[in-house]
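In what comes next, subunit A is part of two complexes: it sits with subunit B in the first one and with subunit C in the second one.
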Partner chain A sequence: MSSEPTTAGTTAREPNHGRIVIVAWIILSLIATPLVAIYLGPIIPPGNGTAQGTEQVFDNQVMTTLITPLLCLLLVYFVYTLTEFRAKAGSTADGPAIRGDSRVQFIWIVTTALMTLALAAFGTFELLQTGSGGGQGPSPIAFPANHQNAFEVQVIGQQWQFTYRYPSLNGMESNQLVLPEHTTIVFHVTSLDVIHSFWAIELGIKADANPGVDNVAYAVTNGPMTFHVRCAELCGLWHGFMFNNGKVVPQAQFDSWAKGAEALYAPIAKYVPAYSHIYLPDPQRRAG
Partner chain B sequence: MRGTGFKFLMAGAAVVIAGVVIGLYVSKLTNLAASPAYSVPVKQTASGPVVNMTIQTVAAVGPKLSPNPDWVSYLIQNASGQWKRETVWKLPANATVHVTIYNFDGASALRNNYLARPQGTDGNVYTVDGKTLNAINPDDASHTFAVPQLGLIVAIPGVADNAKNQCDYAPCAMSNAHRTIQFTFHTHAPGQYRWQCFVPCAAGWIDGFGGPMQTIGYMDGFLDVA
Partner chain C sequence: MTIARRLIGYNLLSGIVLGVVGWYVGWYGAHAVVGPSLDYFGDIDYNELSVFLAYLGGVIGFLIGLGFLHYPIQRLRGYPPSLREKETEGIGRYFSLCTDHKVVGIQYLWGVGLFFFIGGLHAMLIRFQLLSPSREAFSAGTYLTIVGIHGTMMMGIMTSGILGPFANYLVPLMIGSRRMAFPRIESLTFWLLMSAATILQTTVFFGGFPTGWTGYAPLSNQSNPGMDCYILFFALVGISITLLGLNMCATIVTMRAPGLTWTRLPIFVWGALSTATLMVLAAPVLIAVLSMEALDRTAQTTFFITAAGGSSYLYENLFWVFGHPEVYILALPGFGIVLELLPVFARKPLWGYRLAVAGMMGVALLSWFVWQHHLFVSGMNGDLRPFYMLSTELISIPTGFTFLCGMMTLWRGQIRFTVPMLFCCAWFFNFLLGGLSGVFLSDTPSDVTTHGSFFSMAHFHYTIMGGLVFAFFAGIYYWGPKMFGYELNERLGKIHFWTMFIFFNSTFMPLFAIGFLGQPRRVVTYAHWLQFLNDWASVSAFLLGASMLVFLYNLVSSVFFKKIPAAANPWNSLSMEWQLPTPVPVHNFDKIPVFSSDPYGYGEGPTPTFTPAGAPAGRD
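Moving on, here comes the complex of A and B:
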């Protein structure tokens, strides 16, 4: 920066602000970036409940690490500006004139644009690997290995509860979500009324539940665990109470649970519609 | 520029005010402390606390009990035999709860037929007019009493459309046509457990699920387990 005349008419020598900021930024980045990569990145949710969850943890780790230097630059610049260019007490002098610097602007725009494009490319590449646990609509384009033999579970949302159907278990429906471990699962998510969103938090699965739509999401379970399910779409006054817990269990335990759940389901089986990827309940007698 | 700033300020203030008003309205609807709670009498026994609850469901709550006389509603009978439109019920933890529901309303049918299977009750069964059942025809369902957090689902069959002496407004008398549903369930850890009706039975509301279906004091409430 050039020197500016003071109100007293003298010329004070300005420090090289740009160099100070850059040096402080490099030092802070060298300290913060490894810390973020090693300690913060791995603990960002959702965790390792599924292969998709593990992918998300890796993605979060990479992206958080990459944006750390940028965050450091903004922080350093912000703090330096607040302290260095603060008006002195009692001073009535105007601040230094603000002028554009095409070189700084060019570097900023190009650097941030490249970073954004690189992160978008990385995110897209990762998303297309196995679907990253997200709902892909009725015609998914990203699949995990062995998806042809995936174990199918249907998620049905309604105000304000999720229920689950298992087509391979005679279409059994349950208010419990139990999954076998180390298994490729395909969720078919739909709704009977308004828009909900099925979010199995620790599994890294999130898929909108739209009435009349089959939204498909894949997951490959890891070991036994308990996970939380929440609705992630504001679906009415009691949306906040639309939650339950699910379990990933060993195959033998799953078989035992399935046997009991099928027995519980048997009396209502004849009244439940045949398994379908969507349901369109008839208009109800009192519905307006 | 000053004019633009002023407009931004006004727009921001309007957004904040609207947010506060909406927040206050929602908190009023969902605030348990503002809702009358009924402490159900508890009988201490050797096997733990036992509670008997008597409830009625009505097609129209009537002008004596509500400013919304046409709204469908649950009512609970207090110790002196009066029917109260209170749907937050204080219950002891780890208690056995015997419930009797008198339903004076007709059938509306379930949106999810699976919910016609009683669950979370003792033996996963209940009695309807003295007959033990493990399912009803979902088309016959008038209401449900369901506590998702407890896994409790009870579908309540409705009064036949051609039944004689149907009740117009609550509180209904036992001489009016009704169904009697009885079951037993158990409370567990202390907490607030939301209960609701899953039958879209709110006449005149979109999808039958507005108004009384989303308002404490009518078709949903809480078990305040302590």
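Moving on, here comes the complex of A and C:
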């Protein structure tokens, strides 16, 4: 691989293309990167409903900021190259026979490798903070503060709705998801039939509901809010309709809701199986 | 009488007739062997075994009718071996078993094209339903079947989308060979793919299937007999691409002309080789997992049913062990085409040949170590997530190699903006956005929100449609004159390009936002406040579909009506296939050429890259 820059057809008066691209790239990056970091980064969902959501927002902010200069470089490069090196109409000339440049290769490989490793290291660091709201399987490895005393909520997916059980409220089962504010929550997600995925959108929580598996996800709620829950894994005919709303409420309001919900639950309590992290019901008939 | 004599024999018509016969033999044969109700879910309405055996009988009958048993039977009866079948006949060779790799390439182009358009029509139906958040154009079940057929058809058929037509046609020409290593297997892969695609479409007669292209168990265990069509489709595609890859590897490794060393091989052939290697290794896993699913549905095994000792993770893992190399099987030939075309239109040698090869081989190697990034929130072992995040992000390094080689090839070139070149430039733009959006999916914390949402759907459309399909069209416009023998209209080509490029981005760009804002994939209904973005995407998608009609018109009018003969080398390429006359003679080379350099010596003076009259015609 030779790095011979001059060939027939190149004259001394030709502008220094490389310098133009680099200067244009630096200027564009200096403008675009802060704009992206300040204005675009923070508004990327899921928002600040939970500490885990905040983590994801920060993560997205860092990544969009990091890739902006890269995007700028490639855009500047392509715009410049495709306009500047366009052949004249009817031209049959060939370009210079450059077959490689080990310096450019070296810089590119080292830079991309460092960026990649930095991204992976950053992502790992972020993930191991509090789990970022993702399902971690039956034996989680990343915990938020005070997780030993977390408020436990079980999410049961079945075709085609989520139901919620609150073991601290005598295993009460409800079709409403209500959570106390400023509390560490542990979701135990499982399924009765096929694979669902519990996605509390504004909380930044997603965990697959697998039959016979206890999938654990942590969340630390902030102030009162309403959020949406959708199923994010194709689960059959009415998958698109498998959604409802949930609420984060102050503790007092939560207590009064719990009392009412327990009263509603009392008459059917004896038909509901004892609280467990997994349930293995008899196989269902075909459901589309 | 002559017409009747033509219709009788080994051809498509006999294949269809015997296929139908075989279908009924299988259907009623299975009824005779077992009664209905042979699965874990205790259904009594259908006999799944009948569906499987009917289609297997149909495929076997179809292949017999095409003549695939003729040769082995003749050999058993003591006749001497022969290689060529239907290599010199007229139009009829396109509708039968033909061992000419050029005929198979053309067959693939039209066959893949047909089912690509059918898959695209299903995409139009999906976007039609999503015009409204709540009204039903289709019932929920029909909608899921449409989604499933679109995804499965595109993934299954377009896996062979570049290796089928272009590599089959071009690799022997590029490496100075008269044929592929296994010409009959080459033809078999095509007809298997066509029968598979037909079977997938017939799923509508069995109630469709609700699982999308991933076919996750246990949902697939409990769904309609239409699911069996999905299983048969993908398993047959698996067999087809295993054989295609095997044939391709054998050809490239063993049949190169003298002087064509590994460092002189056209980069497209390297792309085909890396893809073919992945095909041979990945597709058998798919066949295995679908066989297990077929047993679950027919023979009462419970591989994937947790309550009976199985595991749904088993399916997910096995599927993605195939599935992730699969997406690089889709992407790599695109790299090959783009890097092959850039030197021709920038009039410069390929920059960093070895780096480009290392990039493609590196992607092929790393693609084996990333599959669990599809399962970040599935409840997989938590300790493994940092590893899969790292391995996934590492793939951007070899991908970056090919990017650098492409970009630097353009640098200080004499760039000619022909239609294929425009598609190559668009490929960079699309693949860049696809790759950068992939960063968010590979990062586990960010993936918590983007996984399973429209964001991931937009991401893989940017890489597969923006990467593979744009490269596919670059290939058609570039090699079309050689393959068809007729020129394609350049003005229509440019209209096609600009409409496709603009509306492709206009369709999929908003879907990134829709995904982040909380719309999961494959839903028939969505939040009302996302209607504007969805409608924008739908209208753009219809216009994207319309741009395909421009292409179709261009292709049909140029090839069947205007018929302007193409020059032998309209692009002034140095590559071997363009040094042959158009149309390419049946046996390609009078004498096997001897290569003396790679085909990228632009700007290096008039040194020929090969000697036409080298070795005597000794092969085959």
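By definition in this document, the second predicted complex is superposed on the first by the 259 of 288 C-alpha atoms of A that agree within 3 Å, B and C clash if a C-alpha of one lies under 4 Å from a C-alpha of the other, contacts with A are read in each partner's own complex, and residues count from 1 in each chain.
Keep in mind that, in the parts below, contacts are C-beta pairs under 8 Å (C-beta built on N, C-alpha and C of every residue); 3 or more make two chains touch, one makes a residue touch a chain.
These figures come from a predicted structure and were not determined experimentally.
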Room on subunit A for both subunit B and subunit C (clash or fit): clash
Partner chain(s) touched by A:A207 [first = subunit B, second = subunit C, both, neither]: second
A:N175 touches, of subunit B and subunit C: first, second, both or neither? first
First, second, both or neither for A:D94, with subunit B first and subunit C second: second
Most subunit A residues touched (candidates subunit B, subunit C): C
First, second, both or neither for A:N244, with subunit B first and subunit C second: first
Touching partner for A:P281 - first (subunit B), second (subunit C), both, neither: both
Which of subunit B and subunit C A:V272 touches, first, second, both or neither: first
First, second, both or neither for A:Q158, with subunit B first and subunit C second: first
Partner chain(s) touched by A:F106 [first = subunit B, second = subunit C, both, neither]: neither
Overlapping segment of subunit C (options 8-16, 152-160, 278-286 or 548-556) - the one that collides with subunit B in the superposed model: 152-160
Footprint overlap on subunit A, where subunit B in one structure and subunit C in the other make contact: 193-194, 236-238, 241, 281-282, 284-288
Interfacial residue positions of subunit A with respect to subunit C in the complex: 1, 7, 10, 17, 44-46, 52, 55-56, 59-60, 63, 67, 70-71, 74, 77-78, 81-82, 85-87, 91-101, 104-105, 108-109, 112-113, 116, 119-120, 123-124, 126-128, 132-142, 189, 193-195, 197, 199, 201-202, 204-208, 210-217, 228, 230-241, 280-288
Touching residues (chain side subunit C, partner subunit A) in the complex: 40-43, 140-141, 143-144, 210-212, 214, 216, 218-219, 222-224, 305-308, 312-313, 316, 346-355, 375-383, 385-386, 389-390, 393-394, 396-397, 400-401, 404, 407-408, 410-417, 425, 428-429, 432, 436, 439-440, 442-449, 451-453, 516-518, 520-527, 572, 600-604
For the subunit A and subunit B complex, residues of the former touching the latter: 156, 158-161, 163, 173, 175-176, 192-194, 236-238, 241, 244, 264-265, 267-268, 271-273, 281-282, 284-288
Residues of subunit B that touch subunit A when the two form their complex: 26, 29-30, 107-109, 111-114, 116-117, 119, 124, 134-135, 137-138, 146, 148-149, 151, 153, 194, 196, 198-209, 214, 220
